[in-house]
Amino acid sequence: MNKGKIKLGLIGGGPNSFIGPVHRIAAYMGERYDLVGGVFDIDYEQSKAFAEKLELDASRAYKDLDDFISGELSRPADERIEAVSILTPNFLHYPMAKRLVGEGFHVICEKPITMTAAEAVELAELVEQKGVVFSLTHTYTGYPMVRQMKAMIAAGALGKIHKMDAQYYQGWINPFIHEKDKRAGVWRLDPAKSGQSCCFGDIGVHAFNLLEYTTGLTINKVLADINTLYEDNPLDVDGTALVRTTDGVRGIVRASQIATGEENNIVVTVYGDKAGLRWEQENPTYLKFMEEGKPAQILKPGNPYLSEFSLESTKIAPGHPEGLFDAMGNIYSGTAQAIRKESYRDGAFPTVQDGVRGMNFIEAVLESSKNGQVWVSI
Amino acid sequence: MNKGKIKLGLIGGGPNSFIGPVHRIAAYMGERYDLVGGVFDIDYEQSKAFAEKLELDASRAYKDLDDFISGELSRPADERIEAVSILTPNFLHYPMAKRLVGEGFHVICEKPITMTAAEAVELAELVEQKGVVFSLTHTYTGYPMVRQMKAMIAAGALGKIHKMDAQYYQGWINPFIHEKDKRAGVWRLDPAKSGQSCCFGDIGVHAFNLLEYTTGLTINKVLADINTLYEDNPLDVDGTALVRTTDGVRGIVRASQIATGEENNIVVTVYGDKAGLRWEQENPTYLKFMEEGKPAQILKPGNPYLSEFSLESTKIAPGHPEGLFDAMGNIYSGTAQAIRKESYRDGAFPTVQDGVRGMNFIEAVLESSKNGQVWVSI
Amino acid sequence: MNKGKIKLGLIGGGPNSFIGPVHRIAAYMGERYDLVGGVFDIDYEQSKAFAEKLELDASRAYKDLDDFISGELSRPADERIEAVSILTPNFLHYPMAKRLVGEGFHVICEKPITMTAAEAVELAELVEQKGVVFSLTHTYTGYPMVRQMKAMIAAGALGKIHKMDAQYYQGWINPFIHEKDKRAGVWRLDPAKSGQSCCFGDIGVHAFNLLEYTTGLTINKVLADINTLYEDNPLDVDGTALVRTTDGVRGIVRASQIATGEENNIVVTVYGDKAGLRWEQENPTYLKFMEEGKPAQILKPGNPYLSEFSLESTKIAPGHPEGLFDAMGNIYSGTAQAIRKESYRDGAFPTVQDGVRGMNFIEAVLESSKNGQVWVSI
Amino acid sequence: MNKGKIKLGLIGGGPNSFIGPVHRIAAYMGERYDLVGGVFDIDYEQSKAFAEKLELDASRAYKDLDDFISGELSRPADERIEAVSILTPNFLHYPMAKRLVGEGFHVICEKPITMTAAEAVELAELVEQKGVVFSLTHTYTGYPMVRQMKAMIAAGALGKIHKMDAQYYQGWINPFIHEKDKRAGVWRLDPAKSGQSCCFGDIGVHAFNLLEYTTGLTINKVLADINTLYEDNPLDVDGTALVRTTDGVRGIVRASQIATGEENNIVVTVYGDKAGLRWEQENPTYLKFMEEGKPAQILKPGNPYLSEFSLESTKIAPGHPEGLFDAMGNIYSGTAQAIRKESYRDGAFPTVQDGVRGMNFIEAVLESSKNGQVWVSI
């Protein structure tokens, strides 16, 4: 069995990638991964140049996935890349993940996990069969105060939950959506590249995931009203989903990419019969705890009054903000624990099952909306 | 025609009333009303004692509404009470308003205007027929920054509106709702006293009103999911309504009385193709203006960069907060302008038509929810 | 002895007055005063017109203070104005207050109480001798959460205080100060009208007062560095004062009128060995309580967990903001309690002794600064 | 000349170090450094174990600084460690930096740079003589919005600056300071380990640095009042310094470690005749721009409306928070630019001259306070 740092490969994420640095930095943060090689770019020359820039062994910059797999499998087991981060365009996540899992690589995969729920289910089965670790980067679950929220709810701080509300509002598509020519040029609005859904597939699913992650509840019914804004636009850019959990708790998932002027305004609020909790992504170091009959409390990372899970997810003393890279770093560290078969906490990283649930949610949202806002089971 | 201060009467609002001081102070604020008399309490002795405490003419403390009407009508026109504020329990608003309007009094009425939409329509017709002023205290419309929001939207600051979201979250019912005995003792959960709806009737309708007030749009379709939380509880304590306007804009009205730890958390957000605007009731002196591609701006009352409507609704220099009493004061002042047949701005006070719209909304919410979350026209 | 509502007169505060409505509304709020007459404007015709507009008895609109005093004293005691609010330009506060106190009227006086500390001392002696109530409108002490801060500190919530810091930053003078012609036209920069100090006399003294009010400590040493910004400007527009209390606690009083873009940014923070407390005037309904080793708490008005003093200073349920008018209303109500010889809490209204302390502080600041920032005793 | 990644060594920062991960992650972030070796711990066995854990070449884990220097200098120039981060206890910064600079290593040094101003001056001369890069980790200057503040002020957004105010309030020493035994055990209160000053040496100097960094002004006079709180405590735990710049601008530097309940509450505010700017470390992604006569604007990282300097200091799209590690990463990246003789912006990293200025400030503060709060030149 391998020990020490995990040899990491990347598919995508090279020059000009927005998400590449997030993953690489996240991998460096916990000092548990060693970036060894990959297919950094679809253009082989660019890929090699990128490897050179990072001072990686030139022979580990591969032309394509086939090349990567055969190249790595031909090496001795203790030199071989063990885990691969998939940072390609959306429609490639599934085929590449399937291929890599099939060959026994651990996989860290960007969202969306697949293009359909059926694919996600199939992938989940393969992951189980192969016994590899599969980590899906629902990055926000890596924030210390999201983990604190999960830990507090699990410990009963809210009592019995009776209402939940998650918002993910962005405005980035507003400058492009109103003119036919401009919106035609947005890849996220192209089903072939983006999948069945734009807004819910990209961000609504984060809001859904945060509700399930923090509460531990299972959403099993959805009624949704999505909006493409223009008839010739094939994909949703906005919408609201009413949800219910298996034990009847009602919630709301609100998502938008036409919330003009918003950047990344995620707000997750959960209320129970003892208290409420609210977390906002743009001020991620504040968790508001509203106990019945008492002044609201503002919990902040790194303080002794927090749960162990939250404290383990902070690298610095109270009052020094951490951000998105640190959240992703926590997910990479949790994934490393699983790969090295160390004990790890529930929620240390999102799994392939979270991917299945997310895809089921997205498809339920689309079905509900297509049929005129009816309840659909997940 | 009467001139000078308006002679004001009160029905209800006497000793131990929570809302009485709000109305009296609001009336005093603009120095346009003279409180003359009324039926201050259902107990005649209490009513008289209250008049004495306020040093009113003892003969203007009446036993009941009949007494009030006959007493005032017997006086010379220039001594007679001209306007009456109705601050009684909910189920009495309609019969009293009908009676007073019928006799030619101007009326300032607490919410809900009536118990049914049909009653509201009937009342609106009577108001028109009698030519009196009818003011409904949707108090939040009196805030300077809500008026600024209305003025900016009317002036095109948001461009074409494409999304709106209003929240009214309270937690006050949480301590009472979970035990059968306790919830049975809450008057707001008794249909005979409270009407057809608790949460939407009391607060959801404010959120609805704020969307229509600020945007000038007309909501004509509703799909709602309300929650009584317990089967033996006859009235809603929580719910979400998807709404659409006559020109297809989608919105959300979210309301709760079980949002544990929340006090009066109203948030109104409207997005258009040029910008977004957000106002929060618990920080009422801040209006967030999010223009496409620019830094968000924080507008505050009393500044020269504001609309005239907003500036007229502030009594003090920038940086000195005003609050709920000041908002109600603005509504009283607007009502006074109408009573004295001065020119006044659209939105200076909520009218009987706002009452009709609110009751229609509430009934549509209930019908939608009863029928399993279907679209209902308003 | 008089009973019931207190007959109130105004000197100043008529048409075009900024502060007039604040006082009148504050007097109306508690329903303990009856506005009867006054010298509303220096122009007699304007004064009479103002009385007519407010529908006051025309004979109670006086030409000047002499007229007012002789007119009122000639009436039967039970019809006579009992309390007078002085809202004139600064340099008239002292002579008018002295005259009115000397004739036995209760006085509510705007800041600054006098032009010199010696005058304040003299006035204080006269107030004591005459046995009247003298209320100085340090308005911010009327806010419910400032009173909560005072109550908590008195109850030991902070333990032993070891540091305090008060800021009052405005930017209003910035547009006028940089050009000689413009600044020459600002009355607050004219010592004849404004007194010895502009910034510290007008606002620094509020910051000083809030430290003493909330902590109950006595500041007895000052070292100050004030700034006139231009040599030909006779009065300070900015400055910082280091202060020490009789028991050695150090503090800072920071004030500015050239803090460009600030409106009325008052922040009062006090730290003890158990906890810290912070209040900000522009968000007056939030009091931050930072207990050692615990999450910060956000206290809000009207909640059962507050002190009685704070709860008595709020007129409405939690979550409905009150503002400056309400704070002034509390001061008027406290003054009424004193006038009617009811029991009242320490801090219910600022007294003539607060005025003496404020003038001593201002003179110490000026002396310290003039002598090159040396320690000066108060 | 060397190319590619910079070979980095660490002195200190090994197991159990709080600051070690900050530096290592910062070095990884920009992918411009390769961590090669060092003296990770004073205990050689621990140091070697740490190198093994990080999978470094065992021969690069040195016993002590002498060993490190002779070991590295014995290697071929292109294999040699080029830059060294000094993360030892405070009193070792100077001797180690002097030694390393003397041998031609580039140095990245934790604060405080030295124990005395004289040492700092000497070190600065040596740095110049040796032509190496010396980077002092005033980490907060690495935040994108601090850099935006600097860029805006340089571009004239504030006009002529006329006031500045910097606060750095912590409460961490409160639990230890009040009992003699406890405070005796705090190393930061031991002059042998901590230097001449605790509060100003550790954090006041950051506030000072942020004023000079953002404004580009030079502070040349100080009047300070520091507080040890207890007579037997040799070092300051709190204090305030009045400052003036070479062109007469006045400012305030406020620092405390007994601000109970505060974590790392840095606030930097600068006002000019056109506008004001405020940045707060605990919400580092918001920069408040208060332009005369306009609504305040909230600038956020990554947006096109920002300066190039700020944009280059952000690694991700708007709305995704970055934090302290990212700020330190920016400083490491700026230092790398200098080491590789690339062009870099003024302010890309704090230099040895910033260290000299800081030490001068600290000594001036101490001298002023010792002499009873007199003005001292820097």
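Just a few scattered comments:
Letters are used for the chains, namely A, B, C and D, taken in the order the chains are written, and counting of residues starts over at 1 for each.
The working rule: a residue touches a chain if its C-beta (ideal position, glycine included) is under 8 Å from a C-beta of that chain, and two chains touch if they have at least 3 such contacts.
Chain by chain, the UniProt names read as follows: A, B, C, D = Dehydrogenase.
Here the structure is a predicted model, which is why all the values come from computation and not from measurement.
Ranked by distance of CA centroids from chain B (Dehydrogenase), the top chain is D.
In this structure, the chain pairs B-D and B-C differ in their number of contacting C-beta pairs, and the larger number is found at B-C. Averaged Cα coordinates give chain B (Dehydrogenase) a centre that lies 55 Å from the centre of chain D (Dehydrogenase). Inter-chain spacing, taken between the CA centroids of chain B (Dehydrogenase) and chain C (Dehydrogenase), is 34 Å. For chain D (Dehydrogenase), the set of residues touching two or more other chains reads 262, 289, 293, 296, 300. On chain B (Dehydrogenase), the positions that touch chain A (Dehydrogenase) within their shared complex are 158, 162-163, 165, 171, 174-175, 178, 223, 225, 227, 229, 238, 240, 242, 250, 252, 254, 256, 258-262, 269, 271-276, 289-293, 296, 372-373, 375. Looking at the complex, you find that chain D (Dehydrogenase) touches chain B (Dehydrogenase) at residues 289, 293-300, 303-305.
On the side of chain A (Dehydrogenase), the complex with chain D (Dehydrogenase) involves touching residues 4-5, 18, 21-22, 24-25, 28-29, 31, 34, 53-55, 170, 262-265, 281-285, 300, 315-326.
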